[in-house]
Amino acid sequence: QDIAEVPREATVIIENEFGRVAVPDNMNPYIAGQYLDWGMWQATQESLFYLNYESGELIPWLASGNSFNEDKSSVTISIRDGVKWADGTPFTANDVVFTINMLKANPDLQYSFDMQQWVADISAPDDSTVVMNLTRPNPRFVSTYFGVRIWDTILIAPQHIWEGVDPTTFTNYDLEAGLPMGTGAFRLVRSTETEQVYDRRDDWWAAETGFHALPAPQRAIWLGAPGEDLRAALMSNNELDAGWTFSRSTFEVAQSRNPNIVGWTEDLPYAYLDPCPRYLGLNNRAAPFDDREVRWALNAAIDRDVLVAIAYEGMTDPAATLYPTYAPLQAFLDRNAALFEQYDVLGSDMMLIDSVMEGKGYSRDADGLWVDGDGARISFTLVARSSQTDKVRMGNILAEQVRDAGFDASFQPLEDGIFYADVSNGALQAWITDLCGSVSDPYETFSRFHSRFSGPIGESVPGVNASRFENAEYDEVVDAMAVLAASDEGFDDLADQALEIWLRELPGIPLVQARLLTPFNNTYWTNWPSSDNNYIHPGHWWVTGALMLLNIPPAG
Amino acid sequence: MATMSGQARESVVVLAVEGLSIHYEMRAATVRAVDGVDFELRDNEVLGLAGESGSGKSTLALGILRLLRAPGRVVAGSVRFGATDLLALDESALRELRWRQFAYIPQGSMSALNPVMRLQAQFRDTLTAHGERMPRAAMHARFVDVLQGVGLDADLLPRYPHELSGGMRQRVCIAMAMLLGPRLIIADEPTSALDVISQRVVLETLAAARKAIDASMLLIGHDMALLAQVTDRLGIMYAGRLVEMGETGTLFRDARHPYSRRLIASVPDVRARREFQSEAMDSEPQWPLDEPLQEVAAGHFVRPWGGGYDS
Amino acid sequence: MSVDLLTLSDVHKSFSRGYRNRVDALQGVSLSVAAERPQIITIAGESGSGKSTLGMLALGFLSPDAGELRFRGQEIAGLRGQALRDFRQSVQAIFQNPFATFNPVYPVDHVLRLTLRNFSTGAEQASRETRISDALRAMHLDPALVLGKYPHQLSGGQLQRVLLARAFLLRPQLIIADEPVSMIDASLRAVVLANMLELKERHGISWLYITHDLSTARQISDTLLILYRGRIVEAGPMERVLDAPQHPYTQLLIQAIPRPDPTQRWQAPLDWQGDESAETVTAAASGCAFYARCPFRMDRCLEAVPPLLATPADTQAACFLHEPGAARPG
Amino acid sequence: MTPRYLGMRLATFVLTILVASTLNFAISRLTPQDPIAALLGRMASRGRTVENGAEILALYRERLGLDDPLPQQYLNYMGNLLRGDLGYSLAFFPIKAEAVILRALPWTIGLLSVATLLAFTVGNLLGALAVWPRVPAGFRWLVYLSMPFSAVPYYLLALILVYLFALNWSVFPLGGAFTPGSVRGFDLATLGDLLHHATLPVLSVVLAVIGFWALSMRGIMATVLGDDYLIYAQARGLRSRRIFSHYAMRNAMLPQVTALAIDFGRLISGQVLVEIIFNYPGVGWVLYNALRAADFFVIQGVTLFMVFAVALATLILDLIYPLLDPRIRY
Amino acid sequence: MTRRLPRFLTPVMTLGLALLALVLVPGLLGQFVADPEQMRLMAGGINAPPGHDHPLGTQNEGRDLLTYILKGMPNTLLIGLVGGGSAVLLGTVLGMLAGYVGGLLDGVVRNTVDIGLTIPPLAILIMIAASFSIVTPLMMGLVIALTSWMHPTRVIRSQVLSLREREFVLLLRLSGASPLHIVFRELMPNLIPFLAATFVNAVATAILASIGLEVLGLGSFQTPTLGNLIYFAIIGNAMWLGLWWWWLPPIVIFIVLFMGLFFVSTALDTLANPRLEQG
């Protein structure tokens, strides 16, 4: 008998968005590319801070607060009293210092380069204080790296476990020894390819100190569902309490079978706004999209309303920029309404296409497709990762739209291995992708088009600025923004300038906002996050999922 | 067929075939392999059936034994074994009769044994299928007995068929036929693939074994010289019909039907050389085959062919 | 001195069946077919004695393990180009099973035409047709009846004669016929044999007639070779061998031939030691293969293989009984 | 069986593995996929800025030996193989490829062997009975009825099965190998749970291939039916069931058994889709995932395992074949 | 003893051909009557059930499914034909030469085939399909052929091995026929029914393989095929949404097509092996 028996009513079952775990016995969170969103992140670990970016609030958790010095080049983080690792060892500032130093020392670990780049030195004057001196001023340092800005964060390692192991090969997995060791309310009891089981720890520090009550579920299980339809089936059979995403129609059918299934809102769009707008990446260093006017012409060919209506079944909104429309960002965009009149991204204008293209010396051939002076068509393939359903669904529609406008495009989904290889070495012309950049201020998204991430075609670049957009004026503005907090003087002006350049150049074509319909099942557990009860972002696969586990009382 | 039923004879009729017709019915055409054949086989008698290749001899044997495979089908006639109408029997009753009453030595006895089973298992299968329950030792003794009857050693029993030479296999089949002491043995060209020495040994074994159990035998072959050696009576088949039948001696001396005559006349003799008349045979002679057999002498039946009965 | 048409000298051939299991099909056979004088040579012997293997070797379809096969003095294996065509044209064959000798998807004349096309130089289409018709008629076949017919539409005897016609068309000097009549019933058999004889006598074609049916051999052949276990045990003019066999095996063979006469039935069972067992075969491996069954066996038969020795009947027999000074059985 | 044969057979086995692993190596290096770029791309797509991308690329290439010249990589690869080291998984570094594969292996082997044997048995029985004369004519149509299942691609069949049996009627679970969170041990409840979960995956494989077995068995059986030993067995009055099992089937199975080994390999491939649909742990899914992520070492490992499995199956089969067919001797 | 060639049109063959015609006639000719406009985005309502305007309904982009099927079928058939055809062609040439000529050639072919058979086809297929950005039906067919020629080669070789021992081959050699003549003019016609059956099986296998790939998202997206129709039905959750008119028709077409091919190949088997012919 390997694990205790726990009734279904006391178990919460959450979908592992990744589907299946190829290596269920590697729980090392620092390995590059490692995603431990099948419970390790949410159930066994806790973050120093959690960012609620609907509200913009940074919730202190393992830390009790932070303060920057005047020029934002040094930050002090205070550690909460009474926090203990699962084995009873106190969690102290030394664990934080150890973790950051470990990352700096091992260049192939996740976030290693970031820490090398930003942290000049780190020290723990006492057990509950961490002082970090930065190499340059960075007002976003804490929220970016310790607040779960997107998906994950830098998790703190228990020094007494990680000391003396090789962090690049340590698997951090040993159920007997209590690994993975965290401060969270649960501990791992089983990990297989298809299921991860975590049982509640009744000696959780927060319950002992009175910081937070014990979570209601005695057990949390993560399991994979291979497709949307099976996910829907599992949910309507009450075999799943929190699912990965649904398309609108699937959701509606599921809800009609099981009214306990709910979304973010009660009515359309059911979905919440995810911070990764979808856009059409274009290769800015290869013809024909090395010409901003041609990029604009291509933009004019796209009817986003059709994308929204068909690929998203009306569940999202067209996007004019790569910013999610959270309140702080919406304010930024609203401020620049005049710019959007000048650069009408959303307008689809066939006249514009004709005038631009003819001005460039193109003409239409018998099939109505643009040909250059030599009679060669503007032929390109739109690609997307085949595993990303919404982008595949957009692909055919986009190809048809730009074809109607005279661009000889076709659509082809690609496997990850080839998609990324081609994106990073510049072999592609156009690809449908997304950008997870800014959440609370405009800097992050702008930084993704900085020329330091670019490179000549044929040379591998890391895929951040895969468009290979290079503009010295833009770089300058973005560099200036980097050292300023959003509230700092001059920041807004810089942001407005950057937006102007970005819109003028249009290095990529924004398509739609990302709205994800994350379904929850109220049959066994209630109080899932919703638009009315917005205690945390509903993406339960993020590290913030921990807060969800703490906030769901049993139904009835 | 009144002409065939020589009721005068006092000996018991073991097998009576009347008006038996067997057709192979295929989409494109129907082959009338056996066409209205009648004959009787009496107690302790060896009846030979000769005829050219394809004249229906094997088909006839299979038809009597009810072993025909599709598309072969008995379309008319009757086969009586003693008092039983074989064609009317159901499968299980037929199965009871098989081997206990009539045994069969197949034409391809080279390949009649299951290649993946030891001989003793195949012997045992034959016994147990007929409810013979006896201790292993007794069974083994029985096998050794029949094997010795055909001049084979007991140490063959654990062997597989492929470990035996062709002649040995044929003798195993003869031994198998003796296992339950049947009243009738139907042997279809038991020696056609063998050299003359093996041929002779096999036939002599068969004759001795048959005599030992007093069985009758239907012996099919096309080697007239061999048939001359071992049969009491001889039937000549042509195109699915019996064209002549009589005592073997009579037939060799005084064959009437031109086909029989040619068959006998063309058998070469190893002691003498003779002249061939290389007649043209572009079209096979078409004798009328529909007229009933006529008894031209006691026990000698001939099918009229339109010519005179000259000798 | 004229060169023989075909000579086999001390030919050996063995087959391996799987590993370690070897069959010595021929163990030193020599024979020759003269070029100028047509003759019919019969090769007889028990099943598996190597008769067909000999035929295949002589046709160049198998290559010997040891010994020489020569066509007009040239090694057969080395024939190429025109020499090979000459060989093919001069040495033809008729196979045992007439039904398997024609490609079932083509009319029987297909192979006739093909043969002509490949072998006749510059002959006109029209003259080819007449040659085919003539050849068929020579074999007593009506061309109208045969041409365009598929193999399954003809009887075995007819097919056999089409093959004869084909051989006739080519006018080879030698035809190797492996059991050409075994599938045919007695009445047709006579016709085929007569045709063979006619080809020899009228057209000067020699035959290597492979059979185990000595009665038919008697009717047509000039010379008789008896094979036993891959060796020639007796050779000589047909009549002499058959009428006065000198080798004990030949004697037994002839004794076993049934007579087509119900009045002369077998009297006593054949004096036969039974089937060859593994032990006797091993014992005789280095000596006379017939040792195990021989009524006259001597110790020295175990020691050496008897060579072909001249016999009083003017034949040759591979038996130590015919060594000068050996005691002859009565 | 002679040592020599055993040696030869083993040599062939080793050669197969050698050639296959070389091919394996070659094929995966010929694709334009780049596993490290894929890794970084995946990170970028999840909101991580990888500022030092180029360095990480170089670092990983070096660690994994991907920056060596190809011949060197090949030698390393083969050398490691000898030591049973398949290398690191590129997508799941620092986990070893063999760890990834070995974990999935038992599931695949379990599911596959059950499905294969079931399909083999049922399919062959259906096919054999379809031509067995004493079977009601209606039964013959069973074989034809089994064909449409083979016509529907595995994947769809599995989906349809899930919809019918798991979703609409809730007879079987929707996927997985066990009930999530269930307590496991060596007891009946666990076994029952396991079987309950394996039913649909097995069924979809079985239904999809049963028809093919039935079809080829039907053909073989029809040939066997005319064989002399069947007629002879019937003549001896053997019971029909005995003839069917020990005479007909026993012989007709021989060629099918050979096909089984080859089919085993094909089934492994087919398994991929089934494992995805049923969320069943196994090698198929590992392979699929590795192919998508260009995880060379895992791909090589899985393919090699498949090659090994099939080659081993063939080897074992060849070695035991003489037991099945006593005519075969090595 | 007469050997008869059964007449070509047996009942099973007729049934098979009729089923094939049911699929092939609309499949091959329908594309000429289908209106390409109907295949465009929002040519009709979204997910409309079969009705007057759209006999087979529409899918989630409002494309008319009947038109999609009519346009897609020729491509799917092309994949099958190219895949099965080139596999059998290669298999025939290699198998025949290896079987007849023997020696070194045979050794090489036999070992290549044996090794090839052990390598799982799907692995190679996925690898190749994943490596090319654009997959046309023609390429798809060739890729499939690459992994499926071994089986035909193997069976054809063994057929030739048994045929070449037949006496008529020896007679042909005696008649001065060249090996090439014997293999392709004499042996080949004997194997026609067998080759046809092999071909039919290979086509079926190729279509199945291509659907497997397309369902994994590795197919052609430029051109409509039944495989990508199913792929889109799956990612569009057609079954869950109850859109039977989307996923069922292609399956029915496959069943009819395969049953047709199956009956034809059974009938051809019977031609090649008369013992199968029975009541």
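Order of writing sets the labels: A, B, C, D and E. Residues in every chain begin at 1.
Operating definition for what follows: a contact is a pair of C-beta atoms (placed from the backbone, for glycine too) under 8 Å apart; a residue touches a chain by one contact, two chains touch by 3 or more.
Since the model is a prediction, treat every value here as computed from it, not as a measurement.
Colleague: Which chain's centre, taken as the mean of its Cα atoms, is farthest from the centre of chain B?
Modeller: A
Colleague: Return the chain whose centre of C-alpha atoms lies at maximal distance from the corresponding centre of chain C.
Modeller: Looking at centroid distances, A is the chain farthest away.
Colleague: Using the touch rule from the top, point out the two chains with the most contacting C-beta pairs.
Modeller: Counting C-beta pairs in contact per chain pair, the top pair is A-D.
Colleague: Roughly how many whole angstrom separate the Cα centroids of chain B and chain E?
Modeller: Going by mean C-alpha positions, chain B sits 51 Å from chain E.
Colleague: CA centre of chain A versus CA centre of chain B: separation in Å?
Modeller: Each chain reduced to its C-alpha mean, chain A and chain B end up 90 Å apart.
Colleague: Would you give the residues of chain D that are in contact with at least 2 other chains, written as numbers and ranges?
Modeller: Those would be 31-33, 225-226, 291-292.
Colleague: Multi-chain contacts in chain B: which residues touch at least two other chains?
Modeller: Residues 53, 69-70.
Colleague: Give me the residue numbers in chain C that touch at least two other chains, ranges are fine.
Modeller: 156
Colleague: For a test of understanding, state which residues of chain E touch chain D in their complex under the given definition.
Modeller: Checking each residue of chain E against chain D gives 111, 114-115, 117-124, 126-128, 130-131, 204, 208, 211-212, 215-216, 230, 234, 239, 247, 251, 254-255, 257-259, 262, 266, 269, 273, 275-276, 278.
Colleague: What does chain A use to touch chain D in their complex?
Modeller: The contact residues of chain A facing chain D are 1-6, 11, 13, 19-20, 22-26, 31-33, 35, 107-108, 110, 113-114, 117, 149-152, 168-169, 171, 192-195, 197, 219, 221, 223-227, 230, 233-234, 237, 239, 275-276, 385, 387, 415-425, 433-434, 436-437, 447-448, 452-453, 460-464.
Colleague: Inside the complex, what are the residues of chain B that reach chain C?
Modeller: 51-53, 151, 165-168, 193-201, 204, 222-226, 228-231, 248-249, 252, 259, 262-264, 266-274, 276-284
Colleague: Going by the contact rule at the top, pick out the chain B residues touching chain D in the complex.
Modeller: Residues of chain B touching chain D: 62, 65, 67, 69-70, 91, 95-100, 103-104, 106, 108-109, 111-117, 125-126, 129-130, 160, 162, 173, 176.
Colleague: Which part of chain A faces chain E closely enough to touch in the complex?
Modeller: Residues 227-229, 232-233, 247, 249-250, 253, 306, 310, 381, 383, 386-387, 389, 392-393, 395-397, 400-401, 410-415, 417-418, 422.
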